[in-house]
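Labels run A, B, C, D and E following the written order; every chain starts at residue 1.
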Amino acid sequence: MSEKLLQINNLKTYFFTDEGVVRAIDDVSFSLKRGETLGIVGESGSGKSQTALSIMQLLENPGKIAGGEIIFEGKNLLNKTKKEMRKIRGNEIAMIFQEPMTSLNPVYTIGNQIMENIKLHQKLNKKEAREKTIEMLKLVNIPAPEKRIDEYPHQMSGGMRQRVMIAMALSCNPKLLICDEPTTALDVTIQAQILTLINQLKSKINTSIIMITHDLGVVSQVSENVLVMYAGKAMEYGKVKNIFKSPLHPYTEALIRSIPTIGNKQRRLSVIKGMVPNLKNRPEGCLFAPRCEYAKDICKKSMPEIVDIKGQKVRCWKYCAKWQEVE
Amino acid sequence: MGVEYVKSKEDAIFKVRNLKQWFNTDKKDENGNKLYVKAVDGVTFDVRYGETLGIVGESGCGKSTLGRTALRLIEPTEGEIIFQGKNLMSLSKNEMRSIRKELQIMFQDPYASLNPRMTIGDIIAEPMDIQKVGDRKYRLKRTIELMKLCGLDPSYIRRYPHEFSGGQRQRIGIARAMALNPKLLVCDEPVSALDVSIQSQVLNLLMDLQEEFRLSLLFISHDLSVVNHISNRVMVMYLGKTMEFAEKEEIFNRPLHPYTRALLNAIPSIDGDINLQSDQLLQGDIPSPINPPKGCVFHTRCPYCQERCKSEKPEYREILPDHNIACHYGEKFI
Amino acid sequence: ACGNNDENNTAKETSNQEASNQEPKEGKKIFKYGNDLGALTGLDVHLFTTSEVFEVSEQTHEALIGVRTGTYELYPLLITEMPKVSEDGLTYSFELKKGIKFHDGSELTSHDVKYTLERIFTPSVGNVNTWICDMIKGSKEMLEGEATELSGFKLIDDYKFEISLYEPYAPFEAVMATTQMVIFPEEAESYGKDWGLKTYIGTGPLKLKEFQPKVKVMLERFDDYHGEVAKLDELHFLNMEANTALLEFEKGNIHLARVQESLVDQYKDDEKLKDKLREQNLIGIIALTLNHEKPPLDDVRVRKAVSLAVDRKSLAENYLKGNVSPAKSMLPPGVLGYDPDAPELEYNPEKAKELLAEAGYPDGVELTSVVSEKNKLVGVFTVLQAQLKEAGITLNIQQVDKPSYVDLRKRGEIQMPILTWYADYVDPDNFLYTFLYKENSVFFSSNYKNEEFNKLAEEGRRIANREEREELYKKLDYKVVHEDLPHSPLYTPKAFYMEADNVDGLEMQNFTFRFYNTDLK
Amino acid sequence: MKRYILKRLIQAFIVLIGVTLVTFTLLNIIPGDPASMMLEKKADPATIERIRHELGLDRPLTIQYVDFVKNAVMGDFGTSYFEREEVIVMIKRAFLVTFKIGTYALGFAILFGISVGTIAAVYRGTIIDRLIMLITMVGISSPAFWVAIILQIIFGLKFDLLPISGIDAPGAFILPSIALGTRYAASIARLTRTSMLDAMTQDYVRTARSKGIHEFIVVMKHVFKNASVPIITFTGLTVKFILGGSMLTETVFSIPGLGKLMIDAIMTRDIPVIQGCVVYIAAVFVIINLLIDIFYGVLDPRVRTAKGA
Amino acid sequence: MGIKNLFKKRDLEIELETGEEIIYSSFYEDAVKRLKKNKFAMISMYVLIALVLMAIFAPLIAPYDPAEQDVYNIMQKPSSEHIFGTDEFGRDILSRIIYGARISLSVGIIAEAIAITIGVILGSIAGYFGGKADMIISRLIEIFASFPQILFALAIMFVLGPGIINLFIAIGFVGWTSVARVIRGQIMQLKEKEYVEASIASGGGGMRIIFKHLIPNCLSTIIVIVTLNIPADIMYEASLSFLGLGVQPPTASWGAMINAARAYIRANPHYSIFPGIAIMITVLAFNMLGDGLRDALDPKLKNQGGGN
């Protein structure tokens, strides 16, 4: 079962705006085996959602995939026709969107929107589809699903909408599930239940999952591998355990440091100084250099290559041979 | 360390008494009576000067509705809201408008609350524009300041909401809410969409503001660790009702309500593997707020449920000084 | 070729036009006439004044006296001979022909005539044409509601009766020949509201078959007609707008369509259609009205200046493309008192300017004409506007909707309206008296109040002798056109229509068609 | 809902009173009266007075209006001054004609307008879009009689496919319906395109696509319903215009419909007919508006709850 | 030059401490910028400006006096002397079209501006405030849309007199109803959006929300309706002139020319075609400008390099 379901090679997604090219994703590669979960973490705006949308090929104008390959089950999705893509979407690859309010159509009941998916891909009749929908809603812990199924998105709380999105994505047992901040709006108990649900799905039907989240706790709960992104670049990629225990990249390190924990008595949280660079006029060299506490001249001059350290891939000068030389 | 907030009850900046928000539904019960979604059902609390009151609770328990109703963004079905001694319910629309300068809210859904046809510069400056603060130049300067404060690159000022990522949108919302230096800020899940680094920046920011302007916060969040970090007192809600309300330390160190206990158990963290299969996790479905269970609303999922809980509504009472709870058997955990 | 064409026509018609109404009947001669019947909602000639209503009654009904097409000669139609006039000129004795049948088979008697005349003056009927015959004795009393019987009508027996007048009235016979005076049967009363809608019985050569208000009127041959029986089996009046009618004509769906003056040219030049175009002189007059009470027109010199500034010849020949004849008299050719030898009216803008200066307007004057929206004369005014400018007269044109126009004109408030008049009966009285006698001049907005004129006009009604009358009307006309100028004649109109090749014997009497002798070959 | 409809019907009564009152007032502001129109050719003042009396026009204005309302409430709109026919009968007759043509025109306008507008929106910026927009623009800006006459000449005369005028012959409704519907079809097309474009960039459309739904369904189901509020409103207005009759089309095609009835009545100051038509049009409009308002709730649940509260 | 001024730079430039410069502009300023990039819209804009200039400088441009009749040259087909031919009075059609632009354009623009202003304001008030305001305005709309417009025009003419200003009133004060109805519906839908609540939370009043938040979001509908109404108004002007309101002969207007030409359409189609084309060009320009505006006002289309 170690066959690769998804392989992303040097993906580049750019936004060609009037003011210049925004390199939302710049040369990102990773792979995903069947039944495996990959966590993508990174600061806001680092290109996590765009990575997901690129896989689904649902990029909004003026976004375009400017290069790279997205190989799903051995075939490059970028070469598929629209019709073939439609067959894959919703059925084999499903996605949970980040914005639950605007991602649900305000003029249809949630039941209608979930059923649509089921009817399309599972060829069930109306009644069966409805039953299945209620079942799905129950699965994501929507109270009184028989009643709620006929409600409209605006009548639901933020978390409920999120759960509706999840139910929709899960309804067809996809081979690959992309979750863009699936539990952001959820409280811990529901979050726990959803994570359980996702884990079950994984073990039952061997679904692979891409879990995009800012919550490192969630990542550590569900995923095997994690990709840390920063300003459209992959900064670190490796096993969750390793990365969280011994982060190699200064950025990962800083991220982990800034998590508030209950035991933490410190009033001020530690922060990463500075700001995410503007993706249009990016600094030369390592993108994180301006905020990095270890940065040296070389970091500001050129972009480091990815180095592999015991299976943990990292893009940082610190781990290159040159680093020592400069020293 | 931190801010010294005024502990005296009398000196509260914002008092809410028996607030109710019932939404109409099209449905009727067997007897033909109209059914309501009792999103907020008789909530009482106050926010003291300079305090952060955290509100936690399961999704759909009415937190957002509480926040919006408390600011009269939706007319309450019932209840009293007193801000700095003024009863908001008795204010006219105009008076309400001017008082909103002091009362700000950040919305849970960052995207929907941003007008797609306004540049974010305009969005952030709007409250200042409405309340006629400064001239155009001043407002622009302040907007840029706010953007920086919230970790947004000022060069994005001419962009439109759809050009931002989820977290960036959230920060726009924060910047907007901060624009007027309000006295009371309702934060509806302000950091839930933020990545940790920004999250800590924002939390720090909120705390700085609080220190500087004696800002009072009503902090709605599902993230207990965040609430733990920022709040002075915490209110736990379930199905539109208050379950427990106490000082932060009390809640986190000595949770007395079974629901609070369950919540605390479910927090994931990056090192301590919590066991997702643990029986500490709440089981069962959340009851529908249209048809809340009789007796204690939590009894259907309560691991300690007794016969009495099923029929008798527990009184919301002060079980310990400054520690309120709605449970018949709260004493058990003292 | 003609025959072929005809067959094609008939076939097409039946399939296109009528298929939903009736089965195609072999050999039936159905004549189709497209005209604007937009407001045709009733046929009762007492209630309407429009020419479309008259045109239908012209075919279905008859007055006591007939008018010969073209010559306007009067002849006894329902009566045995022209009525005998008493010495004092007040009483006319009539005798009806025997055996004249109404469409329902009943016979025409004096009672029908009595009924018809009394109906005309019964206020509750609401006849709108009473003015034409209110010289009949007793009419005023009836209209005032003081009498229910017409005192001027004396029934002698079933066929003989007498009509007396308040005062002698020379053109009375002509009045009795108008369409407004056609004879209804007594039974009309019993039809109540259906009269003129579902039934409309007369003695004419064609009888009503079906009437769909605003859509069509279908007439069919009346076989028991007392004169020569009509040749057509049916005659259909179909409602269509002028342009549409011409398209339908071109397509061969209808046999007859009227052509507006402005459209005439297109057809005169059209190879295919030009020889189907017919032209007919009308007894009518188009004249400028010069309101005596609206300064500066109160000054006769100004009125003369206006008349001098109008180039009637250019108007008739250029803008109207020779489709009308320039007028030199208020009486059109064919009407008693028209002087064919009279000189053309002078066009002299320089002289007009002098006159204006003389009258105290060296810088010219400004005049305003009100035209109604339905009036096709805006173009004429536009031409006049340019012509008058040469003489330093500024003419403002103010268009209004028709009811406002009528209202303003009726109150004598328009400074310079255009008078359009088609004769009801061919007599100068129907012109000069009608426009200019006392209050009549207010109605037409000339506000002409001239004692001498009134006296002469009254006299003209009484004189029985034709030559004497002619002299008098020549004098009157001269007074109007050259001395006082309440009106200044512009031109006499013509009618134009398209007639299919296979139509034969179609006649036009003034502005109405007559289908008595019409045939389709 | 029942109460809402009831309330609206009561308000409808106010509208009818209002609109007839305004019409009545306007009629009395402007000159011209039916009596002189009847006697247009020639009349003396006495005759005019007599006719005015017959028509009841010599009564005080308030009494005239109150009488009208009284009778109208009883369903009696009086008799036409000119055509001596009951107004109700006239309106009914004209309505049947207008309705027949109107239904086809409306069908054409809606079907053509919405489908073409949608296509243009989907293919935004392409040749198809530009072509459609150009055609609709011509439709919008060409004078109404052009369309009518060109249709008559081409289809009636040159190709001899359809009748030129009338309403009886089979197929006679086709040309007038097209002539009548063209402008509205073009207008609806443009509005549809715009509204669709607005709705097409929403996030939920992306969600729908992510389910792998066919683009056609995405557009028709998810985009259209969200875009439909302005389209429905505008279509409702179109219904009113079309059912109110069009003077021009009716004249050109010799159709005795409501448009001509109304304009003829105005041009003769035939007050009962004018008032009858006005009441009819107001009633149509009120009903359409009620339907539209109810429809808003069906189309967009947020609007509905806003109403309920 | 004058055109440049229309887009006068209103950007506020702020020098930040760091020395970077930020050019700030609002939604509308931004839209104008994007509009300027749209080729089609700009061409339309120039066409419209040209038309307006043509109207203003008609006496300089027109080859003939528009009222001058030439009895010997009636209904001439287009020729080198009269490029568009002559009318039934021998007047030069081209000159009349040039002069006619004065009336027709001002009707199209001013009367429609009145209608739109009233319609948008009343429509949004009804839609936003709902309740009583909505009831009153909606009933007002029903009343205004149901009584015959012609009667209203006539009343205006007899109370206020003829004249072009009164013509604007007659067209504008009735034309607003359909705008109001459509806008009301859209506002009803838009006001439920959360960003409205956000503005309320900052103390935004009804009018502010309507003008700042709701109307920008229905601008595309408004634009379409405006462009639909312009040709209708231009033609309507002609029928009102017939009733005495507005301009009277010999003054030219496109609508009046087309109406007059109707009788001659068979033999002299050029008479109605040229003024018809003038209307079409105007409408086309308004539409393309409208489309451009629509796109410019939709930030989501911001970067699609509009207009090709």
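A few points about this structure:
One rule holds in what follows: a contact is a pair of C-beta atoms (placed from the backbone, for glycine too) under 8 Å apart; a residue touches a chain by one contact, two chains touch by 3 or more.
Just so we're clear, the structure is a prediction, and the values are computed from it rather than from any experiment.
Chains joined by the most contact pairs: A-B. With respect to subunit A, maximal separation of chain centres occurs for C (centres as means of Cα atoms).
Each chain gets a centre from the mean of its Cα atoms; the one farthest from the centre of subunit B is C. Per-chain Cα centroids separate subunit B from subunit E by 49 Å. Note: centroid distance subunit D to subunit E, computed from Cα atoms, is 23 Å. Averaged C-alpha coordinates give centres for subunit A and subunit C that are 90 Å from one another.
Subunit B has its Cα centroid 27 Å from the Cα centroid of subunit A.
Under the contact definition stated at the top, the residues of subunit C that touch 2 or more other chains are 243, 373, 401, 404. Taken residue by residue, subunit A touches two or more other chains at 17, 60, 99, 101-102, 154-155, whereas all remaining positions touch fewer. Counting partner chains per residue, subunit B has residues 23, 109, 111-112, 155, 162-163 touching two or more of them.
Of all residues in subunit B, only 1-2, 23, 27, 37, 56-65, 108-112, 148, 151-153, 155-156, 162-168, 170-171, 189, 192-201, 203-204, 207, 222-226, 228-229, 252, 262-263, 266-271, 273-274, 276-277, 281-282, 285-291 touch subunit A in the complex they form. Residues 67-69, 71-72, 74-75, 88-90, 150, 154, 157-158, 162, 241-244, 248-250, 262-268 of subunit E touch subunit C in their complex. Note for the complex: subunit C touches subunit D at residues 16-21, 38-39, 41-42, 44, 47-49, 123-124, 126, 128, 130-131, 143, 193, 197, 213-215, 238-241, 243-244, 247-248, 250-251, 253, 373-374, 401-408, 410, 434, 439-440, 443.
Residue ranges of subunit A in contact with subunit B, taken from their complex: 17, 41-46, 48-49, 60, 98-102, 138, 141-144, 147-148, 155-160, 162-163, 181, 184-193, 195-196, 199, 214-221, 244, 254-256, 258-262, 264, 267-272, 275-276, 278. By the touch criterion given at the top, residues 243, 246, 260, 262-263, 265-266, 269-270, 314, 318-319, 321, 373, 378-379, 381-383, 385-386, 396-401, 404 of subunit C touch subunit E in their complex.
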